[in-house]
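Next come two complexes, and both contain chain A; in the first it sits with chain B, in the second with chain C.
Up next, the complex of A and B:
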């Protein structure tokens, strides 16, 4: 498989659920590598990923996924053949073993020959460290192990496009590190779209990040550029500053602030999370002003 | 024996299934997957215990069902014990390790048919683990135990007649398959796995085809069950005879195809109606429809019987019918295929599906028309000839003054009938005359196809006075002795047209008939044959009836009084030679209805039993 055409382009994408606007004219382009989607709950991340994973039709807009248009039957089929998808809440057949479940998905991914299919199933389960428990029923596995079963099925066949909706939810810190390592090797050359609430995952994994707020893209760029949005607006102090937009006590017992720093404040290097919070704060402020007016 | 029959197949299944899986996975056998199967079998056996217990356990001790049911229940509980949730183990697989693993080249993308077949294997595996399917298999095991062993020794009749039961025996498993498959088809929605599966390139219609491809499993189970049942029946000493012809093959094939029909119905319902009770409603509705089809027209000729999923059996003997068994098979095949295509049409309605649907419907319609067609002229003529002139195509043998004639497919029973009748014939005096026991059509003309009826008149049903109608299938041997005994003393073998019996309370000929009928029987059977079904009843009619008057299908030909039955048992206690001599010497007197029972007892040196109950005849019931 090649990554030369592993590009995803979204133009004017709209999606409504009744009166709720989930996506409001999204324009974005994703290149090979790991692309992170950040945003609060209800921002439209999952809706966007579901549309890109071809399981939800858009109301309006244009998509080009891996050079194909998934709104057509043929394009959708082509995309699905090159897609690995982990839904936000993947349903598992709990009486299946992990092996049986991934094997079932492998068949649905058109691996009909048993020998190569079973080899591939064993391979992806080994990748996520489940080789010792692959024949246990999923109902007996812990939440983190089930998440890894979900990740394993998404990796079947080394897909050109990986759509992962909150893949690290339920994973402990060590497992998150393993996941990052895995993505770095297994998805090299592929286009990876992942949504997460873990900004440190974005900082560690993503070459490109998109921040979605209220169905609209508020930022697109690199994690460094996102962090830079908070440059000069993050400071530490011994006491809480009432003028700050956000403030919390760090592990060292000092108070970290985001907002307009007072004169002489001890500015610190911003993180991706700081940049994201600056964006989210602006958005919340704009919304409250709009409501007030 | 029963325990072996019930438990051994399950253990074999466990070892074969678990062993193969273990070899494939190189791990220990996980027998827990068999819990639904053993649970289902336990449930079916518990049902069998209740049924057999309720039936009075005649010939089938309840413990034979309770013991394995308890064992299987205990096994199920042990197997189904939920293990602890596995602790979140470390993620030991590393990228470095991953680098050493490379998937084989999958080659070209598999075709939809290959994917459907692969899915079919998975769905067959899941079907085998379903508790509903387990209940169905349990019913098969129960059927095997009951009909293959417990009651098999009593079986006598033609293979043709027995094999006609195949569809009925298949129905419990088929019904459970509908439920199990519906659960399987709606599994993804229940588990919310639909979104993940929808993101895969396999089309929903191919997934539907995958479910349909699990049909070989219930078909194989049904085929195996019926074949094993056949061998078990033979091994248990059942006396079955006659050829196993092409019609029997069609009967078995139709039962096996019902397995596929059950899968198709379960898939179609799962695709169109996700409501959990839908398959239950469908199974009940089809059952009711089948009964309705079997009973259209009451007791008269009903050409719609072959359209039932389980056509009525035990009616008209085979030489008087033209069963369209191959058309019935075509009907079941067409119907199953049409339902399968309807399942596919939920997500795919292209030209090939439309054509497949049209072909399936055409097959079903054509077979339905064929199954309900008028009898061909040649078949009508053959049946009419068998009714009007049965002697033209029968095989006969003689024992003393009694000749026994049967249609060719019953020649296997000729020896049994002779053995049963010979002791009676041996004690008949010369002046009793000669009799012929002959298989004849002894039903109403309106139970024959109209094409046959128009070739016959009521006069064609009249038989010579010295002829005693011989039964068919199980009745052939069972009733031969009693019917002959009644006829030789001038009693009828059937109730009259109003189902009214002949009352012989206080008549010597009634006691003579009972004594004759018990010739050749062992003492217990002889005593049972001359004892009322309810001797303590306050009803004089019931005290004098050897048949169960509570039986909704009882239509007795002859009713005695309680005193006559007691007299008959007293006569049975006398030396046979003495009774034979006295009965033979005064034959003309003892068969005279005016001569009383006490006169016969006096001649035999026994005490009188009168006065006799005043038994008032009342009509019986006919099923």
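Up next, the complex of A and C:
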């Protein structure tokens, strides 16, 4: 955690869906900069981001977002005026063009005057590299392009708080790099909360990372501190140790082990992914392999 | 384009580039006509114009090109004084788009045909209130807003937008049903006896939608309406025309008005519910 003043704090946050506990007493604080939420599917990341983005009420707990309480009508309105939100599934109107969709969201964001609104719509669509296809119907765009339309609408008006649920899902490596650059310039000074399954995104982007498992926070700190959890526990060997809990073949054809050292193995520097796997264990590894495939 | 032997003086081109309105109409028209055919003068004029002016000109052209063509309903709403932005938000309501409007017209026509077949207003009076009920429900159903979940996190989202959309939907529904009612066999005051029940059911959808899924609210209200009308008619002995039953009498109308007021009060008290995703279950 940095020494900056927290712009988003949650205390005792709880949310249930029927018998399922999505968030089980979350305490967290986020500061300006990029904050990453890591966790396997069903860990509660999307629920937490939805609550912070004011689209879902919490069952219990206290929230303070940009100095306001979003559980009240006035607080929610104030937060929404300073918020950009990319949902996991934006639910595009397929008959709209990218321009029409972002323009529509801009109207919902109270951009009443047409000329400055259209200028802003063009600006954000250009930022995400869609200037050449902004008048194509969304239904004709690729999945990656649709994701970028979603990112563009979230950037409208340079919000103070950006809540991005899996922003890099569906983006190719070049687009992911462009997105990282974009956040560096466009979200400078803002508080960014993003969830991702990509641990390399966390390493490249985030100053602060939170690991959520089964609705509870299991780690909070910097990516370096997350990687350090696996310090002295990551090994490269020629063959898989039959007793290993977490082991997989790397691109170089060697077997990366996390945990006890296999015979003749070489100790290596841990990554953010190693630290995350130490926390999340086999389920997260299986999950990340399924996502990668 | 071809070049010509004559070229416009540089100072004239500079004045035209910076402010064509400062020239008299004849001179401005001549320069404009000449620029169309003379590449040299176009080049000179571009060089004379400041980069900011060129950028502003391109911005203005791009803005005109990018401007989405307003839908027919959006243009109509603008004509009657609704702002462009709000008009766009209302026109995007599914119940007010092509398929939704067609469905309303088909349902209204179906109710009229049933009444004409029976040679009585009864079928129309019973079925007409169900049309806006379904349309209002569709205006805040899960897929109602084209911006989906991203739209929920915006300042305009909430009870205000839901109510404006409901008013637009009810207004258009009432217009269509009112026009359809002109085809009924008897155009007496009884032909308007569907209005207050329709209003009560539409507002009831908003009120009940604060507690249950909107589809369930529609099922509950439409079943209650059909059951209530049938029961009242049955208890009256079944030997009177449906249109003459107590449901469509003064007592029935007062009851419908009271139900509408109660539903509006409940919906207003639960308005906070419409601000989040919970209302889009």
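Assorted remarks:
The definition used in the following text is that the second predicted complex is superposed on the first by the 271 of 293 C-alpha atoms of A that agree within 3 Å, B and C clash if a C-alpha of one lies under 4 Å from a C-alpha of the other, contacts with A are read in each partner's own complex, and residues count from 1 in each chain.
FYI, a residue touches a chain if its C-beta (ideal position, glycine included) is under 8 Å from a C-beta of that chain, and two chains touch if they have at least 3 such contacts.
None of the values given here were measured: they were computed from a predicted structure.
For the composite obtained by superposing both complexes on chain A, the positions of chain B and chain C are in clash. Residue contacts after overlaying the shared chain place A:129 against chain B, while chain C stays out of touching range.
Once the two complexes are overlaid on the shared chain, A:262 sits clear of chain B and of chain C alike. By the touch criterion defined above, A:157 lies against chain B but remains apart from chain C after alignment on the C-alpha atoms of chain A.
Which of chain B and chain C touches more residues of chain A is settled by the count: it is B.
Once the two complexes are laid over each other on the shared chain, residue contacts for A:57 go to chain C alone; chain B is not touched. Once chain A of one complex is fitted onto chain A of the other, the partner contacts of A:85 extend to both chain B and chain C. Stretch 116-124 is the one among 44-52, 116-124, 242-250 or 512-520 where chain B clashes with chain C after the superposition on chain A. Comparing the two interfaces of chain A, the one with chain B and the one with chain C have residues 50, 53-55, 77, 80-81, 83, 85-87, 89-93, 99-100, 103-105, 107-112, 114-115, 119, 122, 135, 153 in common. Interface residues of chain A, counted against chain B in their complex, comprise 50, 53-55, 77, 80-81, 83, 85-87, 89-95, 99-100, 103-105, 107-117, 119-120, 122-123, 126-133, 135-136, 140-145, 148, 153, 157-158, 172, 174-175, 178-179, 181-182, 184-186. Against chain C, in their complex, chain A makes its touches with residues 50, 53-57, 73, 76-77, 80-81, 83, 85-87, 89-93, 96-97, 99-101, 103-105, 107-112, 114-115, 118-119, 121-122, 134-135, 150, 153-154, 163.
Only residues 59, 62-63, 66-68, 83-85, 88-89, 92, 143, 146-157, 272, 275-278 of chain C touch chain A when the two sit together in their complex.
Here chain B touches chain A in the complex through residues 25, 27, 30, 82-95, 97-99, 101-107, 109-111, 114-115, 117-119, 122, 129, 187-188, 191-202, 207, 210, going by the rule given at the top.
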